[in-house]
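The structures come next, written out as structure tokens.
Note that chain A is present in both complexes that follow, paired respectively with chain B and with chain C.
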Partner chain A sequence: MSGRLAANARVVAALGARSVRQTLRRPQLAAPLIIFPTLLLAIQTGGAGGAVDLPGFPEVNGFLDFMLAGAMVQSCLLAGNSGGIALALDIEMGFTDRLFAAPVSRYSVVLGRLAGTTVLGAFTAVWFIAIGLISGATIEEGVLGAIWIIALVAATALAFGSIGAAIALRTNSASVVQGLFPLVFVILFLSSAFFPANLMLEPAASVAEYNPLSFIVEGLREPILSSFDGEDELLALGSVLALMAFGLWMCALALKGRVRRGA
Partner chain B sequence: MAAIETKQLAREFEGGIKAVDGVDLDVAGGEIYGFLGPNGAGKTTTVRMLTTLLAPTGGSATVAGFDVAAEPGEVRRKIGVALQEAALDPLMTGRELIHLQATLHGLPRERGDELGDALLGRVGLTQAADRRVGTYSGGMRRRLDLAAALVHEPSVLFLDEPTTGLDPVSRQAIWEEVEKLNAEGTTVFLTTQYLEEADQLADRVGIISAGRIVAEGTPAALKSEVGKPHLELSLVDQHGREADCERVLARFGKPLPAKDGKLLVELEHGTSEVGPIVVALDEAGLAVESLDLVQPSLDDVFVAKTGEHLEGAEEAPADEAIAG
Partner chain C sequence: MSARQSGGAIRVLMRRALNEITRVPGAAIPGVLAPSIFFLGLTSVFGSLTLLPGFDTQSYQSFLIPVSLMQGAAFTGAATGVNLARDIEQGWFDRLLASPAPRPVLLAGLVLSASFRALIPATFLLIVAFAIGAEWPGFGGLALALLIVMGMAIVAATWGTSLAMRFKSQSAAPLMQAGMFLAVLLTTAYAPLELLQGWLQEIARINPVTQVIEAARQGFIGEDVTWAGTWPGLLALAGLAVLFTWMALRAMRRMTA
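Let's turn to the complex of A and B:
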């Protein structure tokens, strides 16, 4: 049994490495992870920095400190979307048939893709922490806070990746997954990623208050702006785990359906 | 033990479409079995069921002694699969693909490296091993696909239309490799729509149409079932001489209805009569413009069984041209 587990772990690692290489070698997959969120961060930080003076805006050292968490979550959402597109492209070109015809669990094949998305998520967290620190932001919780941020961003990427993968496995179409791209921004702007929920107008304020993305953002923002209080972190972790469970369950259903349907 | 055995294998898709409708196969170990049929006949669906990529909706199938529905993992350990259109990632290098395939089959890294290098050499891709697959030609992609399917030394190899779209040289290279593999003991299940491919490679051929096997046997036996060779000829100045010519030809066999202005005769005693016919025509003062010996083809078998031509019929080997 342990031999089988080890074999599947090797497959997950190999497919994860392939997934990372594939993203780095295909600019249209890599760009959304780093370039778009970085540009948006630069534009918003440069153009809307006065927002910190609004009554009710959280106490921050600078607008960049506030925006970093949003940029990271945006990157995670886009990593999930890119991962879904890459998996759908694999399905379209028949590459997944090659993998499914091998004596490994089909879940390992999907987990391999998600492992790659997780690594890319961790990389984007490091990237945003680095450019944040270089540009004058601070992480109040220090090294421990940075480690928490990297871990949570990686887990969030995995969660969104699982949803992207489920859609890819169900639809077999890269264009359908790509078509969800605008939805990413709708979900993002209806959260506290770029603006405090308490300053939004209704009904956006209510949507943002209960949007799981807001919980994740606050869990990332907490160690940047102040120190761990436990509550925000738990809510963030709970949201990520719930999204992850939902995504993996959808993947499992889609995988079962594939053999039955034949596609 | 049969390498592949199916009993009433069937697959029905949503909407009641029966892609495969009760197929019985019995492929012996070490055999090259050609599965011939036009597009949409059920070839690929059958292969997908035999390779555990698709669940059958009826009947049963075993590959290398394992049930495809109940023991898919065991089946996958024994088979190599090169599917239609060479499903390769254009962003990977050839070497990366082979290594990934070795990992998928649980080979230790060192063994995977060793086998990978040997296979890349075997299919002539050593020089291109570190280039991305996207830069490969169609023939190179097919050879890489074949090498990837062989990494774990499978006992049964499924090749789904392995030469579709390839130039004659690349096609010949694939055929030679398939023949070598078979000589080493690998059972090969080959789907194709090319008559020449089935004719040249297969020990036995199964012809599938509309999801059912309509004929099965060795290529020679199948062709002999549908008729004898015939001669097609035209004269230099044919006008008004057809009757004379037909009288000469009738001495050697049964005249057939003329086709495209050519006179046809079925040869009762085979190709040995070609020489005497030429002599007889010459003695009768009939100058021959062209003379073709036409052997029955697998397309003729297909026509006899289904009333339709195979799409790849034009790919049949050129008939033997004798005179002009």
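Let's turn to the complex of A and C:
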């Protein structure tokens, strides 16, 4: 039993490492994770930085401090989308079928891809923390806050990665997963990722109040702007776990469907 | 080749590029969808910025619509570069180069088709914008905005085709799109120049696309459309078009050298 577990753990680790290498080697997969959110962070910080003077805007050291959490979540969403595209490409090329024919659990094959997405999520968190600190932002909660941010961003990437993987397993098509790219921005714009929900226009403001993405963003933002208060962090963790459970459940259903269809 | 024959060749090439709209309607969707999502999203998110002192209008929809129009034109123009890269990969463009048509005629056919195709996302965006409360810019303001959309599409198409002929691969697509994306956003896209922060203010001040956006914005933010507010934008468009056309023709000459 423990031998089988160890073998599956090795498969997850090997496929996770392959997934990270694959993303870093293909600019079309790596660029959305780092370059696009970094450019948008810079442009929005420079363009809408005056917003901190608006009545009702939370107390911040600078607009960059406020925007960092949004950039991280954006990167997580795009990491999930990129991971889904990469998995769909593997399916289209027959690589996944060969893995499924091997004497390892199908779940390990999918978990391997998700392990890679989780590592990439942690990497993007470190990247944005570094960019933020270099550009003058501060993390009020200090090292503990930074560790919390990295862990939560990695878990968020895993959650969105599982949803991307489920869509890839269900559709077997990279272009379908790629077609969901605009949806990432719809979800982002309908959350408090880029602006406080109380200052957004209706109906986006009302949607943002209840969007789980807003809870995750606030859980990341709290240790940057002030200190842990418990409630925001719990809501963020709960949202991530709920999304993760949903994504993994969808993956399991898609895998069972493939077995039924003989794929 | 006579002027009449050149005109005929340009018309045929434009017709071929425009055929894609009728034969593959789905191909136009990304160019329409992306700027529309950004327009609706950014107006919802940053709409309160108009409360800041120094904003020229109380309607962020009116302030932002010229930026989205330029984004739509830029994406459509860049798509011309991607389509050309596909033609190069498939060998179709080699056959065109072997024809007696002069190279500027071949380029003109490609980029002029982009200028007309850009009117599709522009029309869709304007309908959305007016539906959610953007100000009517007047017929003069609207005509100027559409003229600038066509000009911006030509600039983006010459940029895209120069890269397509340089790299000869569709993998250069992100470079074509990202270049235009940055050119449009590193301007007074989000706020007036005085309200931009440090580095972005400096870049926006020297970025010629700022003049283009300001010219297109005049009617939407309730200002009179004046020649003084228009000519810097038209000059910037002309300058960019000349520069990228020169780059594209140079790349085309190198392809056959």
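In the analysis below, the second predicted complex is superposed on the first by the 261 of 263 C-alpha atoms of A that agree within 3 Å, B and C clash if a C-alpha of one lies under 4 Å from a C-alpha of the other, contacts with A are read in each partner's own complex, and residues count from 1 in each chain.
One rule holds for everything that comes next: a contact is a pair of C-beta atoms (placed from the backbone, for glycine too) under 8 Å apart; a residue touches a chain by one contact, two chains touch by 3 or more.
These numbers were taken from a predicted model, which means no experiment stands behind them.
Visitor: Answer with clash or fit: chain B and chain C placed together on chain A by superposition.
Guide: Fit - chain B and chain C, as placed by superposing on chain A, sit side by side.
Visitor: Looking at A:Leu54, would you say it contacts chain B, chain C, both, or neither? Reply first, second, both or neither.
Guide: second
Visitor: State whether A:Thr45 touches chain B only (first), chain C only (second), both chains, or neither.
Guide: second
Visitor: For A:Phe194, using the defined touch cut-off, is the partner it touches chain B, chain C, both, or neither? Pick first, second, both or neither.
Guide: In the superposed model, A:Phe194 contacts chain C only, not chain B.
Visitor: Measure off the angle at the C-alpha centre of chain A toward the C-alpha centres of chain B and chain C in the combined model, and quote it in steps of 10°.
Guide: 90
Visitor: For A:Val186, decide between first (touching chain B), second (touching chain C), both and neither.
Guide: second
Visitor: Which holds for A:Ala30: it touches chain B only (first), chain C only (second), both, or neither?
Guide: In the superposition, A:Ala30 touches no partner, neither chain B nor chain C.
Visitor: Taking the superposition on A as described, I'd like to know which of chain B and chain C A:Met250 touches: first, second, both or neither.
Guide: A:Met250 sits against neither chain B nor chain C.
Visitor: According to the stated criteria, A:Phe95 is in contact with first (chain B), second (chain C), both, or neither; which is it?
Guide: first
Visitor: What is the contact status of A:Ala151 with respect to chain B (first) and chain C (second): first, second, both, or neither?
Guide: neither
Visitor: In the superposition on the shared chain, how near does any CA atom of chain B get to one of chain C? Answer in angstrom.
Guide: Comparing every C-alpha of chain B with every C-alpha of chain C, the smallest gap is 15 Å.
Visitor: Enumerate the residues of chain A that count as touching chain B in its complex and touching chain C in the other.
Guide: none
Visitor: Which positions of chain B touch chain A when the two form their complex?
Guide: For this pair, the touching residues of chain B are 11, 13-14, 45, 48, 51-55, 73-74, 76-77, 79, 81, 83-85, 87-89, 91-92, 96, 99-101, 103-106, 132, 148.
Visitor: Once bound in the complex, which stretches of chain C touch chain A?
Guide: Its residues touching chain A are 30, 33-34, 37-38, 40-49, 51-52, 171, 174, 178, 182, 185-186, 189-191, 195-201.
Visitor: Taking the complex as given, what residues does chain A use to touch chain B?
Guide: 7, 10-11, 14-15, 18, 21-22, 25-26, 90, 93-95, 97-104, 259-262
Visitor: Please output the residues of chain A touching chain C within their complex, sorted ascending.
Guide: It comes out as residues 27-28, 31, 35, 39, 42-51, 53-55, 63, 182, 185-186, 188-190, 194-195, 199-201, 204-205.
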